[in-house]
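Should a chain be cited, it is by its letter among A, B, C and D, assigned in written order, with residues numbered from 1 in that chain.
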Amino acid sequence: MREISYRQALNEALNEELVRDQTVFIAGEDVAIYGGAYGVTADLWKKYGDERVKDTPISESAIVGVGLGAALTGMRPVVEIMYIDFIPLALEQINNQAAKIRYMFGGKCTVPLTIRTEGGAGRTLGAHHSQSLESWLIHIPGLKVVMPATPYDAKGLLKSSIRDNNPVVFIEHKMLYNSKGPVPEEEYLIPIGQADIKRQGRDVTVITYSRMVLFSLQAAATLEKEGVSVEVVDLRTLLPMDIDTIVASVRKTHRVLIVEEDCKTGGTGAEIGMLIMEHAFDELDAPVKRLAGADVPMPKSPVLEKLAIPDPERICQAIREVLQ
Amino acid sequence: MAVDKQLALKLLKQMMEIRQFEDKIMELLARNIAEGGSHLYAGMEAVAVGAISVLRPDDYITSTHRGHGHAIAKDGDLKALMAEILGKKTGVCKGKGGSLHLADVSKGNLGANGVVGGSIGMATGAALSVKMRKTNQVVVCFFGDGATNQGIFYESLNIAALWKLPVVYVCENNFYGMSVSVKRASAVEDLSRKALAFDMPAETVNGMDVLAVREAVGRRVEEARNQFQPSLVVANTYRYYGHSRSDPRVYRTREEEKFWKERDPIPNFASRMIEQGVLIEQEVTELEEQVRQSIEEATRYAIDSPWPEPEELYTDLYA
Amino acid sequence: MREISYRQALNEALNEELVRDQTVFIAGEDVAIYGGAYGVTADLWKKYGDERVKDTPISESAIVGVGLGAALTGMRPVVEIMYIDFIPLALEQINNQAAKIRYMFGGKCTVPLTIRTEGGAGRTLGAHHSQSLESWLIHIPGLKVVMPATPYDAKGLLKSSIRDNNPVVFIEHKMLYNSKGPVPEEEYLIPIGQADIKRQGRDVTVITYSRMVLFSLQAAATLEKEGVSVEVVDLRTLLPMDIDTIVASVRKTHRVLIVEEDCKTGGTGAEIGMLIMEHAFDELDAPVKRLAGADVPMPKSPVLEKLAIPDPERICQAIREVLQ
Amino acid sequence: MAVDKQLALKLLKQMMEIRQFEDKIMELLARNIAEGGSHLYAGMEAVAVGAISVLRPDDYITSTHRGHGHAIAKDGDLKALMAEILGKKTGVCKGKGGSLHLADVSKGNLGANGVVGGSIGMATGAALSVKMRKTNQVVVCFFGDGATNQGIFYESLNIAALWKLPVVYVCENNFYGMSVSVKRASAVEDLSRKALAFDMPAETVNGMDVLAVREAVGRRVEEARNQFQPSLVVANTYRYYGHSRSDPRVYRTREEEKFWKERDPIPNFASRMIEQGVLIEQEVTELEEQVRQSIEEATRYAIDSPWPEPEELYTDLYA
C-alpha cells in the first residue's frame, strides 16, 4: 500500500468530503491562502475558493459560534482552531452551546460540526503552543473527541467526524504531521468510538493515544528484546471511550500502564484508570500506573521540554515497574 | 407605514400574549408552580413583536436569557412554551431547556440562551449558512445592552460586516444589564456607535413603539435579504419587572419606572390604532379577553402535563 | 458559637480582608450596587465605594485579564465570575495567563489573584447555570482550587485564598448560601490544601466536597442506624489535593466511595480514584466507586435535575454497594 | 520635536540592536542553534523604540508573540534575552519562557505572549493598578492588527475608556496577521476606527518613522499620565521576514516588500539625522559596529550558557 504523511492523509480526507457533500466547508485562521499553519488545508483554497475555504479573523470564539450557527441550519462546517492552546477562547461556545444545544432543545436539532485543532509538545514552542487539553473536552457530554495517531486513522476518522451529526473535536498532533504510514487509495471510514490494538501482547497493556502510541510502540519493541510482551491499545477516540476493548485487554494481561502526554492531574489517564477500577478491578494483578506529562506549564527549554513529557525510555521503565 | 386592521390585530395580540404570559409566569413563580429563574420580557414587547413581524416564517432568530417574547412572536405555541417553562414533557424542548433555552428550530427560533452574548456567533453563522445555501433567508439576532460588552459581539459583527452576511443585530437596550446601568458598563451610552468599529450601518429606534421597530427592522431586513447588508438596530426599551424574581431593583428609581410605564407599548399602540380608526375599542377589549383565555388554557395545559420520564435524562444527547 | 450563613461568612471574609489590606479590591458583574447575584458582596460597596468594589461590564475574559494585570503590579484583586458556567469565557486568561505566568517568567513575579465563582445544580436553572466544572481547573498547574462546604470553611479559606500569592479559583455552591453553621467571632484562617474529616468512621470512606459533603453526612447518619460507620472526608481544596488525608482514611476503612456533583466522565472523582489506586491499591478491599452527576447537560425539569445529581438516598445505596 | 545627539544615538542604537538581534536569530535558527518558532520584529523597530522611548523606567509595557523588539527597547539585557530564546538557564526567564514569553517584570515588561490579544486585559489591569496605587505610571500595550479582531481587545478598551485608565494601546499594523491581510480579516481597514466604539481618542501614525511614533505616543502617554485618558495609536509598519521561519510569504508580493524596505526605519532615520547635522556618518558606522559586537557577545554568552538543571522542571510554579 502507498505510504503518505499524516498531513497528506488529513488533506485527502478534507478534499474528499468537500467533493462529496456541498454543505461541507472549511473556515479558520490561515486555512485558505496559507493552507493551514501546518499545511493540512494546502491547495484546497485554490480548488474551492473563498466560498468553501475561508480565512477568518483571529476570533476563536466567533469561529466556533459561526460554525455552530451554520451547522444548525443545514451546513456541515469544518472549523479550525490553530492550536489547542487557543481552544479555551472558544470553550464557552463548545461547552455551553455546541455540545449542549441538541439536548437542551429536546433533541430537535443536530450539530454536524467538526472542530479541527492540534496539540502536543515537541517543538520547544513554550507554554502557549504545547498543551494537550483533551481531558477538558472529554468532560463535555454531547461532544465527541477524536485523537488519531497514524495517517490511516487520521484519514478514516476525519471523514467519519465530518459525517457525524454531532459536534466532534478532532485533535491532531504537531509532531505527527510528517509521520508516514500506509493509506489505501480507495475510500474508507473508521468508526468513531473504536479503539485499536496497535500491537498484541500478553504481559502488560499500555493504553495510550496520539503521539504516545508511537513512543509506546517503540518501548514495546525494546522490551520485546527483554522478553516482555507488551500490548498497545490506541484509544483513537477519547469520547466516547471504548471501554470494551480496554477491559478485554486488561483481562488478557492483568497489568496496565496508561501513557498520556497531557499533564497528569485531572488528565484523561485518570478517567481511563478509574474506568478500569470500576470494570475490571478483580482482573488487576498490580495497580494501574500512569505515565503522564509533568504538572507544569510546558517550559521552552528543549532540555526541560523533553523531561516534561513521556519518552520511549521512560515508558520502558514504567512498564518494568508495572511488571514488578 | 400604513397599518391595516389585520396587521394591527396581529401585533396587538402578540404583545398582549407576551405581557399576559409574563404576568402569568410571575404569578406561577410566586405560587411555586414555576421553579427556578425567569427573566421576564414585560415592557419590551414592541421590540420582539415589531422586529419579528417583518420576517418570513423560514427566517431565523436567535434569542436571549429573556426569550419568552421572541419565542411567542416567532410563532411559538403558547402551550408548549408554558409547559417548557414548567419543565414538562410536553414542553417545546421536552422540559429539558426551560425558560433559558426555549427554542424551536423548526420555526426558525434558534433558541434562548443562558449565556449573555452566547448566541451572537450562532446568528452570524446561520447568516453565513443561508448565504451559502442561497435561500434568501435573513437572521435577526436579539441581545441586550449588557451583551454589547462581550467579546463575541464584536468578533461576530466584524465577521458579518466583512463577509456581508444577511443578519440584523437587534440590541434591546433596556438601560441595565442586571443592576448595572449602561452608563456604568459601557464607554458609550449610544450603543449604535459600537457598529462604527465595523463600518456597519446602525440606528436607534424607539423600542416602545411597535411600528417604529417594525419600520426600522423592516428596512434593515430588506437590505440584508437583498444586498447582504448586515446592520445594528438599537431599540430603547424597558423591562418592567426586576431582572429576576429576587431583584429588589435598588439600582433604579420608581420615577424612572413610572416614566417608562407611561410609554407602555400595548395601550399606546391600541389607542393609536383606535384614534386612527383602524381598530375600535371593543375589538381591543375582546382581543384582550381572547388572549386571557389562551393564556389560561396554556397554563392549565402546562400544569396538567406530565413530567418527563426518568429515562429521558439520558435521551436526546447524541444524534 | 454563633451560627451564620455561608453567604454571611463569605461576606465577612471579604470585609475583613478589605479592611486589613489596602491592595485588596473586588470587581465583577453586579458586585457593587446589587451586592452580588447571590448577595455575597452585600453592603461592601456602600462601605468602600466604586474605588474598591467595582461593578464591571459583562466581559468575563477582561475581568480576569484586568485582575491579573492588577495582581502582577501590586494589587490583590478578588474578581467574581457570576456562575462557573461562564468560566469558559475567561479560561484562556485563567489557564494560559494567570496560572502560567509565574512559571513562564522563571518565577520572577507573583499573581495574588482570587477568582470567586459559584457552581452546582439545584435551582432548576438548566444547562447554563448548573454546571460543576472544577475538574477542568484542577488540570491547570499553577492554579489552586478551593471548594468549601461549610460557613466555617468558607470564611477561613476565602481569607487564605485572598492572602495567597498564587491564583486561586474559589468555588462556592449556589445551594449552600443559605446554609448555616458555627463561625467564631475572632479571626481565623484555614490553610489551603488540607482536607477535613467531617465525620469519623470505620467501615467505609466517602470522599467528597462542596454541597455533596452535606448529602454524604446525611447518608452517613442514615446508615449509622443500620450499624454502618461511615467516614466523610471533605477535600475542601481540590488543587493541591490532600492525598495524605485520603490515604490515611483508606488505610483505616479499606473501602471508598467518591461522591461528586460534577458529571462523571473526566471529573475530579477520576483523579481521586486514580490517586488512591496509585497510593493505596493494596489497602483496598473493594474497587473504589464513583457516584457522580449524570453525563448530560443539566436538564431544566425539576424531576430530571434531581436525578442528574447524587442525593442522600443514592449515596446510601452506593455505600451499601461498596460494602458488599 | 527637536532631537539632540544623545537621543538620536539612543534611538538609532536600539533600532540597530533589534535589527541585528533578529538577523542573528534568523541565522541561529538556520543553523539549528535556536530551536522552535521565532516571530521576528525586523522592519518594525521604529514602533517599539519610538513608543518606549517616551516612557519612564517604571512604566509598564505588555508585548506580543513578536516581542524581542519590545524587550530590547524596554531596557532588556541582550545577553539574558538571547539566552532565553535559546532556552538557557541564564535567560531572563531561566529558559522557561523562550521567545514567546520574554518578560522582565522588574523592568516593567509584563511579557511577550503566545496568545494573540492575550495581554490586552493584563495591560488594562496594570493601568487600573497604577491608578489605584496613585503612582503616576503609564502602561503601553502593544498588539498586532490581527489582535484587533479578538474579543478581549474590545472588552478591554471599553473598560479602559469607561474607567479612565492610563493606558495607551499601540496597534502595530503590519497589514497581515500571519497570512491574512487586514482587508481579509477586518471590516475596517483603518484600524483606528475601532476606538470609535468606545469614544476613545485614536490616531494613525507612520510606524516606519521613529520620531513620528515617538511624537504621537509621547502625546498620548502624557494624556494618560496626567488626565487618565486612554487612547489607541495605530502604527503602520511592516515585518521583513515571514511570519515565522517556515512561511513562504505567498500572500504578499515582492513589490510590496520592496516598497516597505525602501522605507526602512533605520537607514532613513540615520540619514535624516546626518542631514540635519545631529549625527555624522562616522558615528553611525561606529554605532553599527558597536552593536554588532554586543550582539556577537550576547550570542556567544547565550550559546556558552548552561542548560537549566533537570530539577528546574518543577521549580518556579507556585510562590
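Quick note on the criterion: a residue touches a chain if its C-beta (ideal position, glycine included) is under 8 Å from a C-beta of that chain, and two chains touch if they have at least 3 such contacts.
Please read these numbers as outputs of a predicted model, since none were measured by experiment.
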### Query
To get from chain A to chain C along touching chains, fewest steps?
1
### Message
Based on mean C-alpha positions, I'd like to know which chain lies farthest from chain B.
### Response
D
### Message
On a C-alpha centroid basis, what's the spacing between chain B and chain C, in Å?
### Response
36
### Query
Just how far, in Å, is the C-alpha centre of chain B from the one of chain A?
40
#### Entry: Inter-chain centre distance, chain B versus chain D - centres from mean C-alpha coordinates, in Å
46
### Task
Would you mind listing the residues of chain D that make contact with two or more other chains?
93, 95-97, 101, 113-115, 118, 149-152, 155, 158, 162, 184-186, 317
### Query
Going by the touch rule set out above, which residues of chain C reach two or more other chains?
56-57, 59, 61-62, 85-86, 89, 92, 96, 103-104, 126-128, 141-142, 296-297, 299
### Message
Graph shape for the chains shown, where an edge means the two chains touch. Line, ring, star, complete, or other?
### Response
complete
## Note on the structure
Counting only contacts in the complex, chain C reaches chain B at residues 29-30, 33-34, 37, 55-62, 85-86, 89, 123-129, 294, 296-297, 299-304, 307-308
### Message
Looking at the complex, which residues from chain C come into contact with chain A?
### Response
85-86, 88-89, 91-92, 94-96, 99-100, 103-104, 126-128, 133, 135-136, 138-139, 141-142, 239, 241, 262-263, 265-271, 273-274, 277-278, 281, 286-290, 295-297, 299
### Message
Quick check: in the complex, which residue numbers of chain A touch chain B?
### Response
23, 25, 51, 54, 56-57, 59, 61-62, 64-75, 77, 92-93, 96-97, 101-111, 141-142, 144, 165-166
#### Entry: Residues of chain B touching chain C in the complex
35-37, 84, 87-89, 93, 95-101, 113-118, 146-147, 149-151, 177-180, 184-186, 247, 250-251, 307-308, 310, 312-314, 317
### Query
What does chain D use to touch chain B in their complex?
149-155, 157-158, 161-162, 184-188, 193-200
